[in-house]
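Handing you a structure now.
Chain nomenclature is as follows: A, B, C and D, assigned in order of appearance, with residue numbering initiated at 1 for each chain independently.
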Amino acid sequence: MLTQHEIQVRVRYEEADPMGFLHHARYFAYFEMGRTEMLRASGGCYRQMEEEGILIVVVRAECRFRKPARYDDLLTVRTTIDRVTPAKIEHRYEVLRDTQCLAEGRTTLAVIDREGRVRRVPEWMQTPEPPPKETLA
Amino acid sequence: MLTQHEIQVRVRYEEADPMGFLHHARYFAYFEMGRTEMLRASGGCYRQMEEEGILIVVVRAECRFRKPARYDDLLTVRTTIDRVTPAKIEHRYEVLRDTQCLAEGRTTLAVIDREGRVRRVPEWMQTPEPPPKETLA
Amino acid sequence: MLTQHEIQVRVRYEEADPMGFLHHARYFAYFEMGRTEMLRASGGCYRQMEEEGILIVVVRAECRFRKPARYDDLLTVRTTIDRVTPAKIEHRYEVLRDTQCLAEGRTTLAVIDREGRVRRVPEWMQTPEPPPKETLA
Amino acid sequence: MLTQHEIQVRVRYEEADPMGFLHHARYFAYFEMGRTEMLRASGGCYRQMEEEGILIVVVRAECRFRKPARYDDLLTVRTTIDRVTPAKIEHRYEVLRDTQCLAEGRTTLAVIDREGRVRRVPEWMQTPEPPPKETLA
């Protein structure tokens, strides 16, 4: 797995609130996109993992909002893996406009199966190894 | 099935756009809530229908926006069944603030199964009969 | 100001994700609804505050997700004011299905004006006094 | 103005519903992104237009949904200007996965000012001329 990855996101009109700012709840969706694209850049594919019955759920999320992002801003979301154990995955996020950091977030993820039972984090997500062939997109 | 039903919806902050208006795409989610609650008021439950493998999909949707709804407005969504055939269900919607009509919509729905195959609209949805026991909430 | 308030929220279809669960980012919008309705129940109105140039922004938000909420669940969002100072307002939230706690959140809010300058939290929000007449809905 | 433009959009997890399909209301947000990016590609900027008091509102929207788009699909949204008069702008949209057309939409837009009064569509939007300097991003 890569341990850091960046994506660009343009703030959509429907994501901005009456102040003209990106609504605070939307940052968590941006974090999710950051994780998904980091996984893809590492050779994995979350949709395929779900099809194989490996569901990744968010068990904790937080964000500090320092400066508002506005409608139509082109933002960078930098996603960093902080720690992976058999039980959980911890990510950090920075939302940047040019070089200015607008927000910083953290999430903790766990793995469950279709019946909702907690499962171990797949081995390849705990190492710098590429994902196994069956989860290649 | 009831053929007309009304719900109240308060416009949420995150649903309003930088003009302070309810974003136009959100009306279609309000229509869906109107349908769901009309079904519930008729004694049915869409979640249970899905669990039984009966998926209702939107095949056509339209809306005319006459006056903007604003953040925090308390709206009435009036849902009317226009026509039900074995192949499709047609609804009409009015979004009202007090007695003023802000928007009018229409949708056409079809029924599919988990494999995506088109299925007949259940008999009880085509009649004024109550839904069968197994779809009672 | 009231210091605790409860609202009921039905999970919408469009708020549920491919797992059938309420998407984690949506909880933060529910918290916002909880705050807004607690303010309304206290005799205030956030829309009117914004019209008067008093903007309340989220500077920090977090949530622990214990059990998933599902599409069509009828949830209770319990909002509690933890602390109000001239600089910030801290809330706590519990999301309940029947008596089971599904998620717990916290937010920290600050007050700014139209130019983005930090302002003091209005006196009446710091006390059990009702809001002044001009912010009555 | 350009009269046709294409963008790529990846379906986000939070945009997919319990069937795993892109929720039907979301297509209208994709259409809006298509219009915004066509304007940008023509040398204009909608955010700047709004700052200058030219608000573009949707007065009618429709969509036919032929095949579902799924979570994580990479879609093409093709936006075409059908007709521009001093009173309104009509667009057409196709949502494609590879060469397969999943949905077709139409919108009618009008121009208003900050007070909600209907205004004429700017001259440059009615012609193949580039937008005036003050609306260049």
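The definition used in the following text is that a residue touches a chain if its C-beta (ideal position, glycine included) is under 8 Å from a C-beta of that chain, and two chains touch if they have at least 3 such contacts.
Keep in mind the model is a prediction, meaning the values are calculated, not measured.
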| item | value |
| --- | --- |
| Chain separated most widely from subunit C, comparing mean CA positions | D |
| Which of A-D and B-D has more C-beta contact pairs | B-D |
| Mean-CA-position distance for subunit D and subunit A (Å) | 27 |
| Distance between the centres, which are taken as Cα means, of subunit D and subunit C, whole angstrom | 33 |
| Centre-to-centre distance between subunit D and subunit B (centres being mean Cα positions), rounded to whole Å | 25 |
| Set of subunit B residues in contact with two or more other chains | 13-14, 18-19, 23, 25-26, 29, 32, 71 |
| Subunit A-facing residues of subunit C, complex | 18-19, 21, 23-26, 28-29, 32, 50, 55, 57-66, 68, 116 |
| Touch list for subunit A against partner subunit D, complex | 12-14, 29, 32-33, 36, 45-47, 70-72 |
| Residues of subunit A defined as touching subunit B within the complex | 13-14, 16-20, 23, 25-26, 71 |
